[in-house]
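Below: a set of structures, written as structure tokens.
Two complexes follow with chain A in common, the first pairing it with chain B and the second with chain C.
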Partner chain A sequence: MIAVKYGWRFLEQLWLPVLLIALWWFGSAASTNPFIPPLSEMVDAFFIELESGRLASNAFASLRNIFVGLFVGVFLGIAIGTIVGLSRAARSVLNPYLQFARSIPQVAIIPIIIGAFGITAIPKIWAIAFACIWPVLLNTVDGIRAIDPGVRDMVKSYRISTPRALFKVMIPAALPQIMAGTRISLSVAVVVMVVSEIYGSTEGLGYFINYTKGLFQMENTWMATLVVGLIGYLLSVIFLIVEKYALRWYHESAK
Partner chain B sequence: MTVMPSAPPKTALVRIAGPGTPWYRTRKGLYLARIAVGVAIVAIWWMAASFRWLPPEILPAPLEVFLAFIELAFTGVFWVNFFQTLGNGMAALGLAIVIGVPLGLVLGLVPAVERTTRFLLDLGRSFPQIALLPVMVLLFGATAQMEIFVILLSVLWPVLLQTIYGSRRMDPVIRDTVSSYRINLWLVFTKVLLPGAAPFTMTGIRVAGSVSILVAMSVELLAWTPGMGSALGRAQIDEAPDIALGYLFWAGFLGLGLNYLFQFIEDKILVWNARGDQAVNS
Partner chain C sequence: MAISGSNGMSATKTNDTSLTVKNLGKTYVTNGESHEIFGGIDLTVAPNEIVSIVGPSGVGKTTLLRCLAGLLEPTVGEVWIGDRRLTEPVPEMGVVFQDYSRSLLPWMRSRENVAFPLESKGIGRAERNRMAEESMAAVGLDGAGHKYPWQMSGGMQQRVAIARALAYQSDVLLMDEPFASVDAQTRFDLEDLVLDLRKRLGVSIVLVTHDIDEAVYLADRVVVLSGKPAGVVDLVEVNLGKDRDQLSTKAIPEFAEARTRVLRQIRREA
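Moving on to the complex of A and B:
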């Protein structure tokens, strides 16, 4: 029975995407518009570029930038956010500055950073890291602030050492908010990755999209665009699984 | 796609000062401290610029940037760019509301439809729409309409998903009441579903507001459609980092202003209800 139920659920979610892909496949099959190649050509391009290794090397460069940038940004965001969150004075004084920093459209620093430091990977990683700091930082501040004062008093009266209090009490307690912030940072990281690679780069999927567009290899441009989209989707799915695992105590206690 | 955390709820930051009040809880102490932090930031920046910790083409002296920031406000070109970015962003946001709110109410009302579209909605939400830009430029050219379309593709999701979430939460008692009184469909939508979903929709709109400026500037930067993004890129190429940073600060104030504006509207419209913030990340 359960298998039937899940099978039904699965079909219920699957039929529409399958139908749309089929419509796209057959609708575009006879396309003569050079800018809209048939879907079958994009699939062919995918396997050709997979074979040639160009897709893998560019995807690797993009993913490396995302992960290193995200890691640096999340690390700094948690570190600064914890310090700011623990002190009421720091929170009140810094709040307007943090709100402003968060409001800067994250892509606006890309031309400034790339213009000054060149089109290599390191400036892009910094741009991604800078963009990723703010959602994590502000969420960490909120998470630390929301910790029950009783917990803090307990830490104090048991004279739990500061590192232990931080890593065993404060940061775990703020983890739900930190994870929510990290999820936002992840999607920001993908956007900044794409924009920075189209703006100026010699590697990465954004570069591949822009480069093949210049050569009018439309099937490659479309294919790489779809690959970027799928990577964005897969990253968010993977993150949801990681988040669920990291916060299992939290979801269990909420039951 | 990107969903920003909402600002923490407003609490009275400054209370009536008494003898035992800590300095940061008094108006004077708080503002003095904030000014001190601002002075410290400018001092570090000034030192970084004058000792060349960072090359001058990325970090000009604070005074230069401040002057460029002010001078920009006295040029017509700046305001054309400013309103171009703002106008394109708001046009896309308006379209996203017109499309996303009715669609979201319907999708949230019928669970089967919601399940069927779940994969597409998840894909749409996590798809970095800006990657479509090169293709869109080829299809439609580097026009303002193309820019609005790309922004719309990005800002539709927060509005749509938040509205679905709000619409789904209709109380079963209300559902039964509506059906037993045979209230007509139009009234159900306008008087029951829409107000019920409004707190969540408003949060989605606020989030979409900041996303719209982000995407508008991205498109302008990459496709050179007129606006603050292309002006910033142009200033960078012309080796005028003070003007580039001036635009960066204006963009920050625009984002901040929009966020406060939407929060203000939210508080005005939703007097009866707390904001639907908790749903943003779920």
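Moving on to the complex of A and C:
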């Protein structure tokens, strides 16, 4: 019975994408517009590039930049956010700068970073990290500040040492907000990855998109764009699973 | 203050820590206006004694308890724990907060919650776990250490909070309306647990409550707090011994007398 129920639910979700892909497939089959190649050509291009190894090596470069940049950004965001959240003095001094820095569109800084530091991977990682800091930082500040005074009383009355209070009470208590910020940072990281590679690069999916466009291989350009979309989607799905596990206490205790 | 014994935490703790409050007062200043919450409070809690502080809502009971715990600095007066003047929270005192759902950490299992304060005391992991299990057994939670607080009922959660205070090996337990948000039957069970812990472990307890029955049932002395600013309007001795029972003790004339006297004081001053 359960198998049948889940089978139905699966079918319920499946028909629409199948229909859309079929419409696209047959609707574009006779396309002669070079900017809108048939879907079948994109699929062919996917397998050709998969075999040539170009897709894998470019995807690897992009994913590496995303992960390292995201990690650095999240780490700095949590660290600075915790200090700012705990210290009223740090808040009043830093707040205008934080508000200014987060107001700069994250991709606007790419030309400066790449111009100054070159087209290798490291400046791109810094660009991603810099963009990823803000959602995590601001959410961490909110999370730390929202900690119940009762929790702080407990920490004080049981003389919990500062490092333990920080790593075992404050940051875990702020984790729901930190996770929410990280989820935003993840999608920001994908955007900055693509733009930084289009702007100046010798590898990566953004580079591949820009390069194949230059060669007028529009099926490759489309294909790589779809792959970027798919990667973004898969990363957010994986993140949701991790979040669900890490915040089990939060979801369960809210019931 | 070693805790020993074959069946968990039995009897033999020597508690000679007394809590002394001298001319304590707290005044808040807001917008240039000063509000005196309470003043001129003198009180001594002897080792192994239960003192309840009772008074109408908003009289400043919790503020007073926070001063006793070292969480809040009094404006005037002093708190002494043993022969030391209190300036910050001390290991001799453990606090059981009113809102267990906030004072217990939901990302830790109940055993970890109980053992957590012991980490900062520099106690090793194995010993911490042993002490936690022992305290959990003392409050009737044997075998529930793996549960998270949100998997437990309110009464069980408050038992975990009490176990945490016990594992901390404090001589004095400060309890702030500890049973205000559990149902009546659970409340009776937890009250009896408090009496039992006092008898078996020799701890002293200062309990803040607005429930007059609870104040009289648990205490050797009831401090009646009333007025604005609040002061001690009466100190009622409850000579009902250490063995008490929800049914028979509450039927004794002395219980009724003490109860009536406390209620009259609160009514008159409020």
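The criterion applied here is as follows: the second predicted complex is superposed on the first by the 253 of 255 C-alpha atoms of A that agree within 3 Å, B and C clash if a C-alpha of one lies under 4 Å from a C-alpha of the other, contacts with A are read in each partner's own complex, and residues count from 1 in each chain.
Convention: a residue touches a chain if its C-beta (ideal position, glycine included) is under 8 Å from a C-beta of that chain, and two chains touch if they have at least 3 such contacts.
Remember, predicted model here, so these are calculated numbers, not experimental data.
Partners chain B and chain C fit side by side in the overlay (superposition on chain A).
By the touch criterion defined above, A:Lys168 lies against chain C but remains apart from chain B after alignment on the C-alpha atoms of chain A.
Within the superposed three-chain model, A:Val4 lies out of touch with both chain B and chain C [touch as defined at top].
With both structures placed on the common chain, the touch criterion links A:Ile109 to chain B but leaves chain C unconnected.
By the document's definition of touching, of the two partners only chain C reaches A:Met154; chain B does not. Contact with neither chain B nor chain C is seen for A:Leu215 once the two complexes are overlaid on the shared chain. Once the two complexes are laid over each other on the shared chain, residue contacts for A:Glu252 go to chain C alone; chain B is not touched. Chain A has more of its residues touched by B than by the other of chain B and chain C. When both complexes are overlaid on chain A, the residue A:Ile241 reaches neither chain B nor chain C.
After the chain A superposition, the centres of chain B and chain C are separated by 90° when viewed from the C-alpha centre of chain A, nearest 10. Closest approach of chain B to chain C, taken over C-alpha atoms in the A-based superposition, is 5 Å.
The interface of chain A with chain B does not overlap its interface with chain C at any residue.
Against chain A, the residues of chain B that register as touching in their complex are 1-5, 7-8, 13, 22-25, 30, 33-34, 37-38, 41, 54-55, 57-58, 112, 115-120, 122-123, 125-128, 130-135, 138-139, 210, 213-214, 217-218, 221-222, 229, 232-233, 236-237, 241, 244-245, 247-249, 251-256, 259, 281.
Of all the residues in chain C, the ones that touch chain A in their complex are 66, 69-71, 89-91, 93-95, 97, 99, 101-103, 105-108, 116-117, 119-121, 148-151, 164, 168.
Residues 9, 12-17, 20, 35-36, 88-89, 92-94, 96-97, 99-113, 115-117, 135, 138-139, 142, 145, 180-181, 183-184, 187-188, 190-191, 193-195, 198-199, 205-206, 209-210, 213, 218, 221-222, 225, 228-229, 232-233, 235-237 of chain A touch chain B in their complex. Those residues of chain A lying in contact with chain C across their complex are 148, 150-151, 153-154, 156-161, 164, 168-169, 172-173, 175, 249-250, 252-253, 255.
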